[in-house]
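What follows is one structure encoded as structure tokens, with my remarks underneath.
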Amino acid sequence: MSEMITHKTMIPEEYVQIDQIPWAPFPEAFSEGGIRWKLLHVSPEMGAWTAIFDCPAGSSFAAHIHIGPGEYFLTRGRMDVRGGKEAGGDTAVAPGYGYESANARHDKTYFPEDGEFYMTFLGPLVFIKPDATPVAVVGWQEAQGAWNAFLEDQKSAAE
Amino acid sequence: MSEMITHKTMIPEEYVQIDQIPWAPFPEAFSEGGIRWKLLHVSPEMGAWTAIFDCPAGSSFAAHIHIGPGEYFLTRGRMDVRGGKEAGGDTAVAPGYGYESANARHDKTYFPEDGEFYMTFLGPLVFIKPDATPVAVVGWQEAQGAWNAFLEDQKSAAE
Amino acid sequence: MSEMITHKTMIPEEYVQIDQIPWAPFPEAFSEGGIRWKLLHVSPEMGAWTAIFDCPAGSSFAAHIHIGPGEYFLTRGRMDVRGGKEAGGDTAVAPGYGYESANARHDKTYFPEDGEFYMTFLGPLVFIKPDATPVAVVGWQEAQGAWNAFLEDQKSAAE
Amino acid sequence: MSEMITHKTMIPEEYVQIDQIPWAPFPEAFSEGGIRWKLLHVSPEMGAWTAIFDCPAGSSFAAHIHIGPGEYFLTRGRMDVRGGKEAGGDTAVAPGYGYESANARHDKTYFPEDGEFYMTFLGPLVFIKPDATPVAVVGWQEAQGAWNAFLEDQKSAAE
């Protein structure tokens, strides 16, 4: 009986007052045009994470693959997904909901006007080169790392 | 070699124009005060589902347990979760984010003012009696059934 | 900035030496014929759990519904699932693999000969009456509770 | 009402008679020493997959990161995980169970003697260079592709 199941407890509930946390610039390596974000939650066990994004007109995310399913709720503006509706993808118009399935490839996600969306992710995004070679894996751990680094900077600057 | 893995394809992406689908009354067996909802997505493989809820002042959901984790984004109003902040739970104020963990018990979710929230669920809600005895299991299949029944009724009424 | 994401760490890896933990009797409320089990893992965040079952010839599990997907690996013996092959279900013969999907209903899982199987579960089993009314929800928390109670008893008996 | 939820059905159950499907060589890009495998299941929605591996004495898997949690059941032999017990990892001895958490890095998984293990994966493996740069993402889709290519070859050879 050397190994025994220990007593695991329920995961605590969480609450975030979204308008009381700051917007962080989203890494320029993975976006352009001034996208900002707030990390709302990470789930280390499943590898899931949740964030809200503020996207100025003309901004975009770099090419990436969704490793697991992601669901977005566009609350403001317009978002061209997988090239937009004209190119066979979707053009979301607020209020719009989208399900991006595991392995969905998003060559460019573009905001023709100011937009805001909330998104839950299962698993990481893999940012890719045009030939789909992986460049970087951005999951709950990388998201949390970038977010905490931003908060530390804010704190240092305030001191 | 009698059994062979067949070729499974990627799950298709989905898009819902939220303001172009109707509000359905949420079943009175599980709520009171006129809550309405729109079902946005179901995931039969994982048993996940996503919906948006419109909750008038004074409305509430009946006691239930979240079988898997659920995440909400309160976009409007105020929502007392697990009794509200005064009773040791949370009082969400829009814009607010909440993570309700697997096995979270919600004896009453109450809306002191008009509210709207978007929520992703992994697994069903189990509605319960005060002693926690299960009354009904409401998951992706039951949600889809109730939603489709509503759409059929709408369609029949229009004919 | 009242609410901040805290730093969550990776979930620790686990290892269990299966032959060094004892077999516990599986609750008679949910099985008959002397089924024994070992709980190997629980995942509180997803609500997942993993166990191995030892099933004597003639034993069976009571009627239940799989709330999320479950996967089994039958390492020994024979197992009639969903009535067995003759009744439209499956009859697993070791070494056999089965995927039981979310919402799969198992009216009776029967072992015509001694068998052993390993199974991973996402979400709970809901044991049901013949009319599908829920009787009990058995998930990671209930499994862990039953298992720990057994270990405590073993310990007390040894003292 | 332009967009409507369609009726999704339950995922079908599956059964695989493991000893009636062939062993395929595991890609040499990701392993050495003659590892063979059988793909048992893929879950396109969650991005999960399940396989069984046959590992001769002296074989090993190349360095990789588990993007989501993985659980193994070692049914035969011995497996050094994360460097083995001496290096702070685990040395599994059959019958052994292991939980490898999301983001677990496995620099080398080594088999000092012949072994066999069954494993369920949520999400892909990312094979990496020593500095953790991603080399290849191997998930349900890549696993299915490799497996089907092998079956096609078998079929062609038999004709």
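In order of appearance the chains are A, B, C and D, and numbering begins at 1 in each one.
We take it that contacts are C-beta pairs under 8 Å (C-beta built on N, C-alpha and C of every residue); 3 or more make two chains touch, one makes a residue touch a chain.
Just so we're clear, the structure is a prediction, and the values are computed from it rather than from any experiment.
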{"item": "Of all other chains, the one whose Cα centre sits farthest from subunit D", "value": "B"}
{"item": "Computed distance of Cα centres, subunit D from subunit A, in Å", "value": "27"}
{"item": "Rounded Å distance between subunit C and subunit D, as computed from the means of their C-alpha atoms", "value": "23"}
{"item": "Where subunit B and subunit D are represented by their mean Cα positions, the distance between them in whole Å", "value": "35"}
{"item": "Contacts with two or more other chains, residues of subunit A listed in rising order", "value": "10-11, 15-17, 40-41, 43-46, 69, 101-103, 140-141"}
{"item": "Chain contact graph, described as a line, ring, star, complete graph or other shape", "value": "complete"}
{"item": "Sites on subunit D touched by subunit C in the complex", "value": "10-19, 40-41, 43, 50, 52, 69, 71, 73, 75, 81-82, 90, 92-93, 95-104, 118, 120"}
{"item": "Parts of subunit B lying in touch with subunit C, wherever the complex brings them together", "value": "44-47, 65, 67-69, 101-103, 122-124, 126, 134-137, 139-141"}
{"item": "Complex interface listing, subunit A residues touching subunit C", "value": "1-5, 7-11, 15-17, 20-22, 39-46, 140-141, 144, 147-148, 151, 154"}
